[in-house]
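Below, subunit A partners subunit B and then partners subunit C, in two separate complexes.
Moving on to the complex of A and B:
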């Protein structure tokens, strides 16, 4: 009867076991294998729950299609990171993998609840585990700087968020989202909303709360950058999707406007900043900001189809940018640089990696038949349906601008005759194959995924 | 054999993958693999034509597979007179393009031929899809191989040209996508099926149709291209390798014309009705502008590129006249221009290779150096300026007969623009073939290339003297859509 909780339990047992075993045997492979196996079991358990169609709603935990959909996305981000991490790590493997698993558990909990306190606990567990991971290369100055920025801004955002929650509690005496939706917030509603929006705005690095993101993304170890972009940021969106359409439905007119403005600013500024970046990690960091802007379109529209669009864009961006960061990490390991210019000749020396990176970038740019097209299509459709044609047009113009800098990377990889040496190890090739297959599968519209996203969106309203 | 249409798309697609795998073992074998796959596609197409009933204008051999049920989209393929002619053109020009690549493409053959086949699959997919989502996916897929073909095998400024081509056409397609979404949202039935939506859009108010038509217009105006949306085309053509130009001018531009008829005319007739005078003026401006700009070109290839712009203007002019003759002539012009521009671009590439320059002022005395190539250039130019007994003449004549019943003044203006077209072609010929030669022919053996051009030359003549061969396919379709 508590079968629905087993995936969470596994993500709790795995890190504890990893640390315990490390006390006895100091090995590189055991934490690595245990984590990957744990995540795989967790994903298959979630799929099993999906197929059996059951849900769980007791205590502060609520397992439904929405939470399963997002949890699987986090776990995919986690497995992408875990697969290649051993290539980067020199020591302290057990700590790395256990922190990764704890962070995953936090993310899963944050979206598997209908209670604001649990959301906060989950978010904090995820973020606090991520801070040491960001600074994992403690000898590198940039890594430490990145962690410090992340620590401070994450602290501020959490503080603002919990202050907003406390204002909810003051006016309604409840932290349950469903009960909240039935009670008027009274005079405190606007400040409470503002605090929660700003708090989440930092987590999802929406413009103007994005300043930490490029520096942190650049400085963090690349697998962790991938994790930040593919999972940690998506947790922020998951929380926003949980709180706003459900608990604050009566204030919809207020927050949809805010999200529409945030969406426009985030898409546009992220794009413009990405154009002139020479470091590919930084460029992808800005592109990740602009991609968040598309997710915000769904929240600005706030219809079922809009929220489903957001959920699919979360998946598409999770796969596309998560894999892109990992592949870049793999390339940077062999050519020792992250400058886009130095990628010349890569198409010839490692064709598989170059092809996978190309597909990731085309998908991020919204070119069919890859995943990014399907998600953007549904988001634009939802915006036009709600008479927000202007939002769709801004999104479309941005998506065309983004092609410019994505094409620039592709250009450097393929269009110059230059010999470079790049021997990329096997884990990256696995990720490359996974990225190609999954982006095409989602993009060619494997109907069950679309259906799941729509059903998950249904549980929100 | 009810899967003929999906096989037409799948064979080049899978063939591309096979060609790539072949290339891993033997790079030289890729071109044989690509050629045999495109010929197999051609045979399959002929087989499709035998099953195709030319007396019916409607979609035939329809295939339906369930796909994205949650938003009402499915894989729906069908063929009618319009798509049959364009698919035929695609398949023919792919074979020509492979012939033109045979000796000229020397680097990265392993990726080149698969990209060409992917382009073929995408184009056939565009013309056969009857569901908007799958249509749009194919529509965008064609960009990717073309982008790579220009950017890897192109000329000096290829990077600039390829990115400009990609962003320009991608942005315009997104406006088409907005219109598709608008049609979908205004339809009472949740479906993306083009035949179903075609019936529904007829009931839309003219104002709504006009709003939707704006997005469609941007979509096809950039692709066709129509002045002032044409600026990507000369860059892309000048930098593209010869086979790339053949595909670009021969087929990719026809996607614009296809959308103009399939979405613009068939789905939004009231919008075209309202926009008729504007469309006529735009197309006349396009013809004159392209003609005068072509006259000033120094580069033979960009002259031909601008002649393409002018010829596509005639297509818009014909369709905008909303008459049976106008539309049938427009479709005829698309096919005829596909053949002629492919011929002209091929010969231009061969001349460049042979004498080392494309500059018109330096080409004087070409006839003495390379009589065969000059002969084909003269033939192509005369076809381009609409010499009677060649296919271009029939197309232009039909368009003007149709348009004259709608607008008299505009048609006279359009006919005057043909004088400009004739004069820049003739002037170009006068400057190139006659005069003292300062050229040094390398006397390259052009057997393979000329062999692959022979079908084009024969078809240009056949369609010029026996137009019914093509009109048999076009007319039932046009009669059906104009009777609505």
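Moving on to the complex of A and C:
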């Protein structure tokens, strides 16, 4: 009867086992294999719950289609990171993998509840485990700088978020989202809303709370950058989707405009800043900011289709951006640079990696038949249907601008005749094949995935 | 029934793409070409069967399956075979087949043959997919895929520095059109709730008049981008840096026709909106004039053909605008044949002479008669000389124009068709004419390159015979009016242009250099050579826009950089400290202590000079703004 909790339990047991074994045997492979196997078991348990159609709602935990959909997305991000991490690590493998698993557990808990306190605990567990991971290469100054920035700004955002929660509690004497939706919030409602928005705004790097993101993304070890973009950010969105459409439905008129404006600012500024970046990691960091803007469109629209669009865009970005970061990490390992200019000739020397990176970038740019097209298409459609044509138009223009800098990378990879030596190891090739297949499958509208996203969106309203 | 199997047409091409890209280095160069040619031969045979069965029975076929569900909307995907799509299928697969054969020899020495044939196969597969699609969404997906292939293939020759910029330009400029089209499709979907052609045609009438006009104009915007109409025509001349078979297939015969195909597809919607059709007609005829005028003075062998393509697609779009749908498609068919032929011939000329500048060519007639004669047939058809296909289709367009009764359009059309023979016979004479004392190279082309040219010449030569049966087969009827005088007149105008070109460029009875001294002519020449300076002004505007974006991103950097500097210093200290702890040595400890003192002082300084202040400022501004918005929008 507590079967629905087993995936969470696995993600708790795995890191503890990893650390325990490390006390006895100092091995590189054991933590790596244990973590990957743990994540895979967790994913399959989630799929099993989906197939059996049960749900769980007791104490402070609530397992339903929405939480399963997002948890699987986090776990996919986790597995992308875990698969290649051994290529980057030199020591302290057990610590790395156990922190990664703890962070995943935090993310999963943050979206598997209907209680604000649990959301907060989950978010903190996820973020605090991430800070040492960001600074894992303590000898590289950029890595340390990145962690420090993340630490301070995450602190500010968490403080604001919990302050917002406390205001809710003061006005309503409850932290339960379902009860919250039934009670009027009174005079403190707007400050409470504002603080929660700002707190989440940091997590999802919405403009103007995005300043930490490019530096942290650039400085962190690349697998962790991928994890930040594919999973950590998505946790922020999961929390926003959990709180706003349901618990704060009576204030929809207020927050719709806020999210619409945040969406416009985030899309546009992220795009414009990405255009002139020469370091691909930094460019993708800005691109990741602008992609968050699209997800906000669905939150602003807040219809079933809009929320489903957001969820599909979360998946599309999780796959596209997560894999893209991993792949450039792999490329950078062999050619020792992250400059876009130095990617010349890659199309010839490692065709599979170049093809996969191309598809990731095209998907991010919203070119069919890849996942990013379908998600954006649904988001823009939902905005037009809700008479927010202006939002859709700005989104469309932005996705057109973004092609410019994505095409630049593709141009460098394919259109220059230059001999470079790049021998990219097998884990990256696995990720490449996975990215190609999954982006095309989602982009062609593979029905079970879309259906799950739509059903997940239905549980939100 | 063979039509049911139409969905198989693109399949082998996609498979070949996968094989060629994934096996890349392991595949023998020859094998990759044969695989692709085999796949396209299959598509060609199947398309021909479908074409014949459509021609004989005039029947239609529509098959579809459920694609996915979006809320209460069920999105379907399928394929639609009717006269329009079976004609396009034939054009695409026929030209693909011939171009693939040609490429076997043309690309013989290229090291990246598998990539070339892989991308070419992906293109042909996507293009047939575009034609088969039974709904706007599926069509758009293939629409983008062919654009992507065009992008990859233009930039195929990496050695050329222009290749990268030309391909990027083509991709970005056509994207403008694509976005308009996508917006049109979405607008339509939110009103009608379906992407299917049939459903859309049935319920389009329910939309308000303004909405109809906007939607149609947005879709036309897509056609403008893809088919290189004014004002988005600038990418085609730059796309000519790609390999010649690519120019022949993608930028002359097939992809650039996608816009015309789209317009023909939505013809049931266009017929009810006179405003939109007249806008289309004017855009088309102005493009036709622009292309022909710019083609008059170019020097690059392929760029002349590129401007000519712009001009002729202008004719097709114009024909759509005056509701001569079947005339437009007949011209599309003829143009695909003769323009692919001319490009392939240009490829032969370029390989044998190694030159691109036609003013430095000549005497090519001596290199065996097959290619020059075939090219001559193509040129005659392009110029609109009876009784070739080009003449018939132009006459059909003229008939349709006359039915509209707009004499401005009629005269503009005749003017544009007067220019066609002049530029194309300038091109032909400068390359092939024996009057010049120019040497030709000693390289010669094999039969794989010559045969496709001869095959296309045969088609271009005989196409005119089928004009009346073509007209009956198409779903729209075009009545031949009693405009005999005008038809004869326009033919005479074309013949005059032809004679003039022969006099100037072939016989040299009129000295072109003397006319050039005239100031007016000089100005005209300059404008023509620079294609009305449209591209240049875009470049300048584009540069401004780009510098604006840099300016905008500076805003971001001002803050980001401040933070970077501050934290960078901080991070350096921390890391150097941890490094010293790691190095177990006396120096380490000493430095560590010294560093930590320096570090704390510099940290204090940084905190006071901006970093935290900047951040708290932004948090404050952000929070207050959000509060204000919350307050205002709540009413």
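The definition used in the following text is that the second predicted complex is superposed on the first by the 461 of 461 C-alpha atoms of A that agree within 3 Å, B and C clash if a C-alpha of one lies under 4 Å from a C-alpha of the other, contacts with A are read in each partner's own complex, and residues count from 1 in each chain.
We take it that a contact is a pair of C-beta atoms (placed from the backbone, for glycine too) under 8 Å apart; a residue touches a chain by one contact, two chains touch by 3 or more.
What you are looking at is a predicted structure, and each value in this text was computed from that prediction instead of being measured.
Trainee: Report clash or fit for the pair subunit B and subunit C bound to subunit A in the combined superposed model.
Mentor: clash
Trainee: Quick check for you: in the superposed arrangement, does A:450 touch first (subunit B), second (subunit C), both or neither?
Mentor: Touch partners of A:450: subunit B and subunit C.
Trainee: Which of the two, subunit B or subunit C, is in touch with more residues of subunit A?
Mentor: Counted on subunit A, the partner with more touching residues turns out to be C.
Trainee: Scan A:269 for contacts with subunit B and subunit C and give back first, second, both or neither.
Mentor: A:269 sits against subunit C, while subunit B stays out of touch.
Trainee: Figure out whether A:209 sits in contact with subunit B (first) or subunit C (second), or with both, or with neither.
Mentor: Only subunit C; A:209 stays clear of subunit B.
Trainee: Looking at A:190, would you say it contacts subunit B, subunit C, both, or neither? Reply first, second, both or neither.
Mentor: In the superposition, A:190 contacts subunit C only.
Trainee: Where does A:257 make contact in the superposed view: on subunit B (first), on subunit C (second), on both, or on neither?
Mentor: Touch partner of A:257: subunit C, not subunit B.
Trainee: Examine A:90 and indicate which partner it touches, taking first as subunit B and second as subunit C; both and neither are also allowed.
Mentor: In the superposition, A:90 contacts neither subunit B nor subunit C.
Trainee: Once the complexes are superposed, what residues of subunit A are shared between the subunit B interface and the subunit C interface?
Mentor: Residues common to the subunit A contacts of subunit C and of subunit B are 362, 367-369, 373, 377-378, 380-381, 384-385, 392-393, 396-397, 400, 403-404, 407-408, 411, 414-415, 417, 445, 447, 450-451, 454, listed in rising order.
Trainee: Looking at the complex, which residues from subunit C come into contact with subunit A?
Mentor: Residue list for subunit C touching subunit A: 21-22, 24-25, 67-71, 75, 112, 115, 137, 140-141, 144-145, 148, 151-152, 155, 158-159, 163-164, 167-168, 171-172, 175-176, 179, 182-183, 186-187, 189-190, 546, 549-550, 552-553, 556-557, 559-560, 563-564, 567-568, 570-572, 574-576, 578-579, 582, 615, 618-619, 621-623, 626-627, 629-635.
Trainee: Under the definition above, what is the set of subunit A residues touching subunit C in their complex?
Mentor: It comes out as residues 138-142, 144-145, 148-149, 153, 156, 160, 190-191, 193-195, 197-198, 201, 208-209, 211, 214-215, 251, 253-258, 261, 269, 272-273, 275-276, 304-305, 308, 347-348, 351-352, 355, 362, 367-369, 373, 377-378, 380-381, 384-385, 392-393, 396-397, 400, 403-404, 407-408, 411, 414-417, 445-447, 450-451, 454.
Trainee: Within their complex, state which residues of subunit A touch subunit B.
Mentor: By the definition above, subunit A touches subunit B via 362, 367-369, 373, 377-378, 380-381, 384-385, 389, 392-393, 396-397, 399-400, 403-404, 407-408, 411, 414-415, 417, 444-445, 447, 450-451, 454.
Trainee: Show which residues of subunit B lie in contact with subunit A when the two form their complex.
Mentor: Touch list, subunit B to subunit A: 66-71, 73, 107, 133, 136-137, 140-141, 143-144, 147-148, 151-152, 158-159, 162-163, 166-167, 170-171, 174-175, 177-178, 181-182, 184-185.
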